[in-house]
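Next come two complexes built around chain A: one with chain B, the other with chain C.
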Partner chain A sequence: MKKEMIQSILRLVIALAIGLIVSSIFILCAGENPMEAYAAMLQGAFVGKLNILTTLRWSVPYIMAGLASAVAIRAGMFNMGLEGCIYLGGLAAGIVGAYTKGLPSVLHIGLCLLAAMLVGAVWMYLPSRLKAYHGVNEVIMTWMMSYIAVLLCQFLASEVFQKEEDITSAVQQVRTPEIMESAKLSQLVPPYQLNTSFLIAIGLCVLYYLFANRTKMGYEQKMLGMAPKFAEYGGVNVKRMQYYSLLFSGILGALTGAMEILGVHYRYVHGFGLDMGANGILVSLMGRLSPFGVPAAGVFMGAVQNGARAMSRNTNVSLDTVRILISVVVICITAEGLYEVLKIKKKMREGD
Partner chain B sequence: MLDIIFSEHTLITGLGLATPLLFCALGGSICSKAGNFNIALEGFMLIGAFFGVVGSYFFKSPLAGVLLAVAASLAASMLYGLFLLQFKAHEVILGFGFNMFAIAITGWLLEPVFGGKGSFYDPSIPSLKAIDIPVVGQIPVLRCLSGHNILVYLGWASVIVLYLLLYKTAPGYKMRALGENKDAISTNGLSALKYAYLVEMLVGVCCGLAGAYLSIGGLTMFTENMTAGRGFIAVAAVGFSGAYIPLAALASIVFGIANAVAIQLQGLGMPTQFVDMIPYILTILMLLPEMYKHKKI
Partner chain C sequence: MNKRTKRVVAMLVSVLLIALLAAGCGGKEEKQGEEKEASKSAEDYKVAVLTMRKMTTPADLNTLEGIDRLKDELGINCKIVECVEIAEYKEQMQAVSEEGYDVVYFIYDNFLEAAKELAPMYPDTKYIGLWIDLPKGDELENLKPLFFRPEQGAFICGATAAMMTETDQVAFLGGGINPGIITFLAGYEAGIKYVNPDCELVVSWANTFDDPLKGKELAASLYSRGVDVIFQSANQTGLGVFDAAKEAGKYAIGVDVDQSDLAPDNIIASCLLDHGFATYDSISKAFEGEFSNEQVYYGLQEGSPVAAINEKIVPEDVREQLKEIEEKIAAGEIEIPKTTETK
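What follows is the complex of A and B.
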């Protein structure tokens, strides 16, 4: 168990190291010192109260999206349409938050989150059903649905729900009216953006831990992901498990979007979830789907994103460099061979 | 109204829209037959598209653009092959990472190379010229087949060439064997790795040509993430056809024409977002016949 953990951490370190080396090359090409750039990034992520709290604020959507992705991957499937779910959930929460009046705060927030979850479930119903019961490839299906969802949200927000007074020449954004005070998630340390959604995310991680390690369903799901044939012979209802796993992935995705809207933006702003789905998938992989790994990886991703903003402000390095870093980590993270190559080299050195 | 939708013009546009899909679907079919569910087609194509513009811009020749596009896409596909075959990365996650990488790197390169952000357009860059076929150009309806650029014709020719390669030659047979039973190749004393790399090379060339068509086939321009899911449409076409090359080619051409018809709807007052959705909805529809395939088993 302990050896396994060291190995998985080692793999992560290798992937990160390769990512950092590759992005260093790009930083050098931009005429900057990579060490200074990374220092600016670290400083932007962790130095000072503002930066730490902002890092934690950014970690919330990544933890949530990571959990959403992990639920699907544990059952051996990929929800590539996480981004679509995030947008839809955000829009649903933004609309319910703006148009229902006179509810007490707790009820109102609950209603918003419920609406988002419902929309996420409805959206993922078709791909989940088709994957589980008819064998349609979920990777392409969910990815296509994601494109459709983002376009649908853009249409609904700009043509249906946008109000005249929200269109300002200063802000060239598609956005819906501001949500009611009662629907806003309160800030933990005002005036910083970190809010109660952080606590909700931690709570969901605990639930995920209980589900994954303490329930029969969680065990069956793991079995299905690791050895589908074995699970089927062992009496797991494979179809039902796949169906619910993908459906819950969509629900959690929608919840991610809703919490972003209720906690930070206070209205649906089109484009708020850019790259969140993809980064969520990376978070779940970096965290090895574990209930402890995913939040840790989420905080890490939050730090990277927050630090990257500081870096692009203070140096000549563009945000695309961070996207290169992240994509290289995605490429390397499942490459078992990289680890093996290094291990063999180490053994040879020991033999000398 | 109907005659606008079903005009020769629509057919010509459709054949043009089908070309990048056709190339990608050909590459994807070979991959699929060789047992690789390749979703990185999109990324290879995007890299090809970028370097197509670069080649055409710096060498003032569209042919150089095509060559550079193919070379860049080939390099990307070999890298993909290295990670897939030798570092044993997970197929789906690797493809996903490659697509992210392609978007990031082309976005990054755009600024130092062309000095702009988001997109690059310069009417002075030479694009591929349209070629008229002598006799066909005179016949009504059939004349839609004429007046395309060289890549369109090359696409149609590749269908036949790749079909013959895959089904009528020894290397093609071995490539297909790779997908059927990898160990059979090794037990026969052949290098499975060699043929697997050959497959990745072919897919790299195909996607490079697709990318070149996108960026220098008509207008010479590059915009960030300009492939916009076309690679996935091709993957869906491969799934739809069971990776049988002639059927995959037919699926992508029908898809192109259907898309061209759908674009005409914009003139009829449909909101742009819904028009933009059409290719994705068509793709999902293309996935659905898979349902019946699985039911039979």
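What follows is the complex of A and C.
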């Protein structure tokens, strides 16, 4: 256990170092000092109340999407349709939040989240069913469904739910009416954007830990992901496990979107979850699916994104440089072989 | 082996920590420096320009001209903050407010919600919003709304189109139905009817602001049905209209800036929305201490040009007529509607 943790930290440090070196090259090409850029980034991510809270605010969707993706990957499947679920969940929450009136706050928020989860489950029903019982490739299925979902949300929001007075005058922005006060997740430290969805995300991380490490189903799921044939031989109901894993991935995805809407935007704005699904997959891979790793990776992504914005505000380095950093870090972390090579070299040295 | 790994980890962690500390300290020093030199010379005057996209469209390039002018003439440096994601709007605005920018200038009204929320919290920051038309009673102490009079430029363009058309069929190609674009259409329609009530107006919607190919296709089909002037109000989509005009040898009308250099033989006029002028004017006034929260409209009455006529194509007598119309608008003799039922 301890050794494992040291290993994964070491892996992260190596990946980060390589990522920083590679993106330094690009920053140098842009004619800036990499050290200054990274300093601006660190400062933007962690120095000052606003920056810390914004980092945490951003880590919420990343952690949530990371968990959603992790649930599927643990069972050996990729849910490429997270983005669609995020949008659908957001729209469901936005509509229930705006149109149900007179409920106490807790009930109202619960209802919104429930509606989002339901929509997510309904949307993922088809791909989960087809994957588990009919052997359809889940990557393609969920991916294509995601496009449909995003466009469907755009259509529903602009043609059905958008009100005349919400149409912005200069720029086309698709959005639904503002949600009721009772549906808003309150800010933890007003006026900053961090809100109670942070606590929900932590709670879900704990649940994920309990599920993954303390339940029979969690163990079965892990086995299925690592060795499907062995799991089947060992008596795991593979089909049912795949079905529920994908379904829950969709539900968590929808929850991600709902919490963004109820906590930050206070209305469904189309485009709020840009790349959130893909980033969720990155987070889960970066966190190596572990109940500790995923939240850590989520906070890391939040910090990097938030820091990057500060960096592009205060230096001339473009935001895109950070995408390079993130990509390289993810590649290095997920590259199993990299660490093995280092270990072998060390062994050879010790053998001398 | 275990010991060794531990040592390596400890070393790496300590190096990281030191780097972190160094970065933190470096940052703090900078901030203190800024606070000390609080005198408002041009170099210390901090202006943030918030945009919702990369600054590449015609209107944005125009804004950049204004920003360059601020730098050249007054020495004010503007920091452009591109908020590509919708989720960034409020966050970036809050961040620049917190970082002590003197002026937060934002373009387009999707920032308005954030500005309304943040302006009361940062009373020392001056917020200036372009394309903001605040209703009476919604004014905020430190938020200056700027708006154009697009209907005036569109009216002139409509008049030009009606005078230049040979088939008595002209068209409007909009990027999407929203109040802003409808204002263009209303002015355009009124301008056409003012000159030639028999002239037919065809309206077409692209439903996208950034697809030149779609613009080209739509324009080509409009030209093929007999239309010979198209007024585009569709940002990037509209650039395709000019390609189609070149191929068909017909006329087109540009928007935002004088676009006649894109197709010198086809663009007869451009409806101007001088972002650059608005940017320069409002920020320089704020710098000179003349900031107020009064609504400003940039139009003929305010001495801002609203249309650029291409002198190469449009004959002199037409231009003189147009000048007369402009004078009438400025004098308030022509009432231009801001909305229309035509869609």
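The rule is short, and it goes like this: the second predicted complex is superposed on the first by the 339 of 352 C-alpha atoms of A that agree within 3 Å, B and C clash if a C-alpha of one lies under 4 Å from a C-alpha of the other, contacts with A are read in each partner's own complex, and residues count from 1 in each chain.
In the analysis below, a contact is a pair of C-beta atoms (placed from the backbone, for glycine too) under 8 Å apart; a residue touches a chain by one contact, two chains touch by 3 or more.
Quick caveat: nothing in here was measured; it's all calculated off a predicted structure.
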Based on the superposed arrangement around chain A, label chain B with chain C as either clash or fit.
-> fit
Partner chain in contact with A:191 - chain B first, chain C second, else both or neither = second
Which superposed partner A:148 touches (first chain B, second chain C, both, neither) | first
In the superposed arrangement, does A:323 touch chain B (first), chain C (second), both or neither?
-> first
Now for A:183: first (chain B), second (chain C), both, or neither, which partner does it touch?
-> neither
Check the residue A:3 against both partner chains and state whether it touches chain B (first), chain C (second), both, or neither.
-> second
After superposition on the shared chain, which partner residues are touched by A:135: those of chain B (first), chain C (second), both, or neither?
-> first
Distance of closest approach, chain C and chain B, by C-alpha atoms in Å = 5
Could you give the residue numbers on chain A that contact chain B in one complex and chain C in the other?
-> none
Enumerate the contact residues on chain A facing chain B in the complex.
-> 26, 29-30, 78, 80, 130, 134-137, 139-141, 143-145, 147-148, 151-152, 154-155, 159, 278, 281, 285, 318, 320-321, 323-324, 326-338, 341
State the interface residues of chain C toward chain A in the complex, per the touch definition above.
-> 1-2, 5-6, 8-9, 12-13, 16, 20, 22-24, 26-28, 48, 52, 79, 81-82, 84-88, 90-92, 94-96, 98-99, 108-110, 112, 117-118, 121, 131, 133, 175-176, 178-180, 209
How about chain A: which of its residues touch chain C in the complex?
-> 3, 6, 9-10, 13, 38-40, 42-43, 46-48, 50-51, 54, 57, 167-173, 191-193, 260, 264-265, 269-272, 274, 309-310, 312-313, 319, 346, 350
Report the residues of chain B in contact with chain A in the complex, numbered from low to high.
-> 39, 83, 86-90, 92-94, 96-98, 100-101, 103-105, 107-108, 111-112, 228-229, 232, 235-236, 239, 271, 273-274, 276-277, 280-281, 283-284, 287-288, 290-291, 293-295
